[in-house]
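In order of appearance the chains are A, B, C, D and E, and numbering begins at 1 in each one.
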Amino acid sequence: METSEKSLRRALDRLFVPLTVGPTLIWIAAIIVYPTARLLWSSLFWENPLTRETEFVGLRNFKRILLDPGGTLEVFNASFIAFTKNTLIYVGCSVTLSFLLGLGIAILLNKDLKGRGWFRTAVIVPWILPYVMSGLMWRWMFEAKNGAINGLLTQTGLLSEKIAFLSDGTLAMMALIIADIWVFTPFIVIILLAGLQNVPEQLYDAAEVDGASRWSRFWNVTYPFLKPSILVALTIRIIFDIRALDLVWVMTQGGPGKSTEVWASWLYRTSMEFQRTGEGAALGVIMLAVTFAIVAILYTIFGGTPYDS
Amino acid sequence: MSTKDSPVNRFADRLGLNADDAWPSVVRERLVAYGLLLLYVIVIWFPIYYIFITSLKTQGEVLSLPITFVPHDPTVQNYVDIFRNRPFEAYTINSLIVASTTTLICVTLGTMTGYTFSRYNFLGNKALLLSIVAARMIPPIALIVPFFQIMSSPPLIGGLTGNLTDTRVALILTYTFFNLPFAVWIMKNYFDGVPESLDEQAQVDGCSTWEAFVKVVLPVAKPGIAATAILAFIFSWNEFIFALVLTRSEASQTLPIAVSLFVADDFIDWSHLAAGGMIAALPGILFGLFFQRYIVSGLTQGAVKE
Amino acid sequence: TGNSDGGNGSGNGNGDGEMADEITFYNAGSLEFDQGTEANIERFEEETGITVNVNEVPWANLKTSLTTIFNSQEPKVDAFNGPTWWLADFVNAGWLEPLELSDDHMSKFPDSLVDLVSFDGDPYMAPEFGKWGTYLYDTEVVETPPDTWDEVLEMGPELSDGSRSGFGLTWADKSVFTFKQLLYQAGGSLFNENNEPVFAGDEGQQVMEFVTQLRDEEIIPDGISSMGEGAVGDAFIAGEFATVESWTPLGSRAIDEWGEERVGSARPPAGPSGRATFQDTNGISISAFSEKKAAAQRFAEFMTTRESCKNNMLVEGNPCVVPDVYEDDEIQEEYPSWLLEDMKYNLEHAMSETYIQQPQVDDYIDEQITPALLGEKDPQTALEDAQENVTRLYQDIGLL
Amino acid sequence: MAKVRLDDLVKRFDDIVAVDGVSLEIPDESFTVLVGPSGCGKTTTLRLIAGLERASDGTIKIGDEVVNDQRAYERDIAMVFQNYALYPHKTVRGNMRFGLEQQGADEETIQERVEDAANLLQIDELLDRKPAELSGGQQQRVALGRAIVRNPDVFLMDEPLSNLDAKLRVQMRAELNKLHDKLSTTTVYVTHDQVEAMTLGDQIAVMNDGKVQQVGPPTFVYSNPRNMFVADFLGSPSMNFLEGTVHRTDDGYAIDLGAFEHEVPDEFEWALEGAVGDDVVLGVRPEDVTLRPDGLPATVNVVEPQGEKTVLELGLGNETTMKASVEPGGPIQVDDRVSVEFDRRSLHYFDAASGESLTFERAENEATAESAEEEQVA
Amino acid sequence: MAKVRLDDLVKRFDDIVAVDGVSLEIPDESFTVLVGPSGCGKTTTLRLIAGLERASDGTIKIGDEVVNDQRAYERDIAMVFQNYALYPHKTVRGNMRFGLEQQGADEETIQERVEDAANLLQIDELLDRKPAELSGGQQQRVALGRAIVRNPDVFLMDEPLSNLDAKLRVQMRAELNKLHDKLSTTTVYVTHDQVEAMTLGDQIAVMNDGKVQQVGPPTFVYSNPRNMFVADFLGSPSMNFLEGTVHRTDDGYAIDLGAFEHEVPDEFEWALEGAVGDDVVLGVRPEDVTLRPDGLPATVNVVEPQGEKTVLELGLGNETTMKASVEPGGPIQVDDRVSVEFDRRSLHYFDAASGESLTFERAENEATAESAEEEQVA
């Protein structure tokens, strides 16, 4: 009796690893591996929207997404070029600007200030609000007639005419970028702040004793330690922005015209609205590849810690 | 010091702005830092303020000009309306169920798996861990089609009738996709920081591996679990795109969808939208105010480590 | 197009005989913004005792939702409110139940509209309310509105100055609708009887030429916004356009903002072939998989009676698709008669086409003509590219 | 309480052999200290005894039972970790109770034992605090208390004092001593601090490179190191080593140490008999180097006053330096010329090639004989 | 090189007064050690001299200049930190160059100085490695090298050896000594290790609670502590303290210590003249407690053999215990009854209330007189 209890205990103990890891692996296989496999699979098929029949088409979906259908005048599909450009502008501007802003705020927050906790709380909040709510909130801010920005600008006399921000391609992109910066800067702040706090305090002292100026201290002490955080901040930020649809969807739906159509909204539209699931999947695969490529590039630039030899 | 014991000086003292104990340039820097931070906070909170006051305005005031930055006649009518005229109760309940179930699953699995990854050197654990990290990089939007297909095809297992679209189950399954790898990662990094000698002490004290895990490691890991749970909850609570694709009725629609429903083809009901938005934003704001520490630590554990 | 849903449910479905006491109705967006529909549903519930469970789905998501439900043949939805663009696809897939609407019921709509919603002689959608072309001008700037395209081009430069453009064209967010309206005015169409795209023909070229001239003469503003954005309405109201070719709801909105005096209405400037406008109707259809078809039929009929139509226009201002209603006293009281007269005229001259994969086709056209209209692409090539894409799509599908 | 016996114990981690054939008898009620430099395998040995690692080879006996296959929770041991490993979420009382609760002891016993241990360690007043509210020394006591209440067969301690500051460490050392006198539980104690080892152990086992170099009572090992490693490791400053070649002289043996010639005293001649012509190493502890007239001439290079003693670094000839520990307060200054002599009784000779002591064997035999005598007397 | 002078230096952190009126003269070319228990303000004092903290009050002079308002980078100092604070991403060379680069030195000078310093410290071969590839001792050398190349007015060192293991620490201590002999740069050195302080300093300043307790040459301070704190802090094991009341006897003074009566030797009578009836504390260092027949009877409680010496804990009477440091290898065992005597020359008397030494004043005067004499001779 007692021995059987003992041996049961021992048996359970032996099974600790499979029992704790197994369910998660199965779960992940079901929820990540399987869909990913399906994505790759369906990128090779065409589904007839009328008959719902599927047909293996090889790489045709990729060709349709990437290349000029006629193949006569231009090599690349005009939409692909246009939306890639939009995506580049959107991701490029918002990542760059939010990174610089976030770095500044992180440096300020890293100072020995009383009430730092409160500032940090206040700074974080935009990131943890639902994107839909943030997107709509900014749509409301930019609204042509009753929006707060037009209100502020005209009621203070800075502007004589109200601007229909979201009706103009360039301004709409700008509005999107601003909203994106608003939402994601806190993330940069948190990550960079963690990096800043990793810098051993004594190195600053050492540099000061060594006679280093502020700028020299930043490059010689702060930056090497910040690099891993920069890597994380940029990687996550960029791959997040490439995939992020929420803000675009609620603020502009890719409009006006297609001036804010980015890869994510294009993918959504292609597969959900036009039911071209094969091409949507192909686009998904392309995004996947680009994401991994970007991560690889960022790693080569910012990879490694200051302690690496 | 006592000669200038005015309230202003004492306040400056509290903020570390007293030039007596610090270098003048440091004091100047601090002053500038306070100024800039304050400005930044005001700027980024202004939209939240604006949508908040919009939620307290009548529709008339919202649409009237000039724009008011303090509501003339603040009212909670919008909040009452959305709960009375629209199924906001159902949306809220959906959001709560989906977010908390997802959190529960992710925390349970993430904790167990994270612990084992942190402590054991089993066959292929490095590769498995790496693939979990890689899984976090898959753009969810790319998987929207497969998810949609899977959820809308008849279930493989179980005797449930119909497919999973428009059920909370579909959302929960989907959200674990975002959150589970993240949870495993946070918890693994957290456990890496819990001295292994604690588990060993527990074993020496007569605990089997399971008992040591449950009785000693888990209680010690509470802050890590809290961080994981809060982030998983927030992510699930806020998610929009998958909910948009996978839900279609109040049987499963969550608050973000509910808020987007105020956007009609040619008209947006801003005052009610604002009220709905504030409800949807509530957990975020509350968590931000009270659990900022956990959010930051979870994020840094989950993102920065290695 | 094969219509095989006869055997699918309606014949032997239990729904036909007894009347269910509730139905599920999918509505695009929240009912709150469809007060007309809401009011009519209330009336329906009162009169019939059938409860209508309204399911609000975001507009952008409605088609996906319905597609999934129909794909899995679920009886989740009985009736829904949608635009005509999906009709062809849905009917083709056998997802919709033909409506049992009497000739009497249907004959009150303009013929072109009845054509639009009928396949093989059966109506599949009961037209509920519509949006179609309208032409408005600012009486403070324009005395006599231009009557033809040529006159637009003539008068345009005078009407335009620094902050104002002479002519605005808009169908909210859909430049392709603008294109279609002009195409019909030029006497063209997107497709011929054999489902072959023909919009790159002469008429299409005339449209592109016309618009290009407008741009060259700076009669329409530069930039994308001029080509398709609800905000053109805002701009018109802000006084940035002397005249605007837009859609019906803008009329009542302008009157609300400006008062009746300032708003001028006219029939659209005639193109080479006439004054056709573009019809974009919303209506009610019934799922082939519904288990409550009888009640749903009753609902579809009720919601589209003359009475309901009128009511909807009174409550919400949704333009009614029954020409007769524009003579009605109550309506006459609510809106200025000169506006009603033009609306009725335009309704009766509205044109439209239904075709397979309409959103996709429209997107192909849109994606080509937008750069063309912005001067970034040769109009001829653009139309041809679009046509080529559509052709390829139809070949893929097996229509061609 | 029980004796512990390790036989040819081996533990490999991948390529590393952390413990390389350790055989060790830990008598019942003894206080055995494993001492050695960092990385020599002390901790691993202790963890093998605890059951926290599984032996790659060899056997571990606790009492008369081979416990190789038992996990830690199945063995009746208690362990004190270097960082104390107190459960941060439990109070001191909770920490101390936990082991007993796991054993299923009844409430009464638990309370009694906890009270007793707390009394013994003078932590009664801390029972309701959490570990974070305790000082290092107090945490240390709680960790001990947690082990004591269990009343296990064996106590295992892994550098339990190394996180304490110097004063406290000295104090706790004395308390550990008293505690063991009181409880007499078999204890295996790991440290890399030779003073701690010498002070605490009934028996010390000096380890290096995964192997036990020498086992024995501390003073015996100190004065009779088996090889150069042990000689060097114990004692601070370390033993001075002088290398040279043995040759015969008229009245015995001498070693040519370069700077001077060392005549081997009569009592060590037996050891060098077989080593003529070999390289040997003479070992002299600094405290056995005394300043006395008529000795070897030397120059003072460094003077390190340490309070109770002063350590000199002396230069003999050009290359050779050695340390001497002298009475403090003398007038000696850097660059003074002095004359030194070695305490003849405490000289050590090692084989230069193997590092093995040449004098050890006889010393051990003598010790064994002595203890045998003692036992007979007792 | 320059002397450093602190006058009434105060540093407050919010409510904490970390440095509380420190006045200290650090002569040019001296090696001054600040020593004291954890938290006593040593580091803060050093950082004030470095210019890493701003003084709340008082003045700091380097050379003849008041530097209170200069930041660290404006002062000509170099600092060695406890954990070395090497730039982990720079090579050893890069680390050593950095300070000179920042000063704008020309390439030639930089290379020359780096080479020289590397030679001096025997780290030439490590110049192209990164800190992570170095052992603790090597890192320590690099940190020193970084300071040396600067050729500053003052070296500041904050526990530079505390991260090294015992053997290495002893070795580096000797090297620091030699280095200072060679370079003669004024050095301020912080440690909490009294042995280190005694060994290294020309002058030690014992600190406690933000105040300097005593300044002087190490051996002088060791044998003439100004108060009980200093007496207790220096020496291991610590000085034994025995408290009692002074009363007159026929031929002088005696102190009733409970367990026994202590007769004050003649040479200390002057110190106790004014203390009759007061509570005083007798201080005896363990090495001054000798086992000799006909002394005070005592019982051995604990025997701690430490190799070169053995420490005994002795019980005198019921309550009083004291430690004695005796020659190792004796036959003494626990519970033996022994008899002890104190070395009469090395007794210390303190006022029990204030802790101040009663004998210190005269000792200081004597020392001053002596050194004045010496100076006259020189």
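Here, contacts are C-beta pairs under 8 Å (C-beta built on N, C-alpha and C of every residue); 3 or more make two chains touch, one makes a residue touch a chain.
For each chain, UniProt lists the protein as follows: A = Carbohydrate ABC transporter membrane protein 1 (CUT1 family); B = Multiple sugar transport system permease protein; D, E = ABC-type D-xylose/L-arabinose transporter.
Please read all numbers here as calculations on a predicted model, not as lab measurements.
A count of C-beta contacts for the chain pairs B-C and A-C puts A-C on top.
With every chain reduced to the mean of its CA atoms, the largest distance from chain E is reached by C.
One finds 37 Å separating the Cα centroids of chain A and chain C. In whole angstrom, the spacing between the mean C-alpha positions of chain A and chain D is 58.
Centroids of chain A and chain E (each the mean of its C-alpha atoms) stand 57 Å apart. Residues of chain D found to touch two or more other chains are 71.
Across the assembly, chain B contributes 148, 208, 244-245, 257, 260, 262-263 as residues in contact with two or more other chains.
Residues of chain A in contact with at least two other chains: 10, 13, 145, 249, 272.
Within the complex formed with chain E, the residues of chain D that make contact are 38, 165-167, 170, 173-174, 177-178, 181, 192-195, 198-199, 218-219, 222-223, 234-238, 285-287, 302, 304-308, 311, 313, 325, 328-329. Looking at the complex, you find that chain C touches chain B at residues 26, 28-30, 32-34, 55-61, 64-65, 68-69, 71-72, 74, 76, 172, 230, 249. Note for the complex: chain A touches chain C at residues 46, 48-52, 69-70, 73, 78-79, 144-145, 161-162, 164, 166-169, 249, 253, 255-259, 269, 272-276. Against chain C, in their complex, chain B makes its touches with residues 85-86, 148, 152-154, 162-163, 165-166, 244-245, 248-250, 257, 260-267, 269, 272.
Residues of chain A touching chain B in their complex: 9-10, 12-13, 16-17, 19-21, 23-25, 27-28, 31-32, 34-36, 38-39, 42, 104-105, 108-109, 111-115, 117, 119-126, 128-133, 136-141, 143, 145-148, 150-151, 155, 182, 185, 187, 190-191, 193-195, 228-229, 232, 236, 239, 242-246, 249-250, 264, 267-268, 271-272, 277, 280-281, 283-285, 287-288, 291-292, 295.
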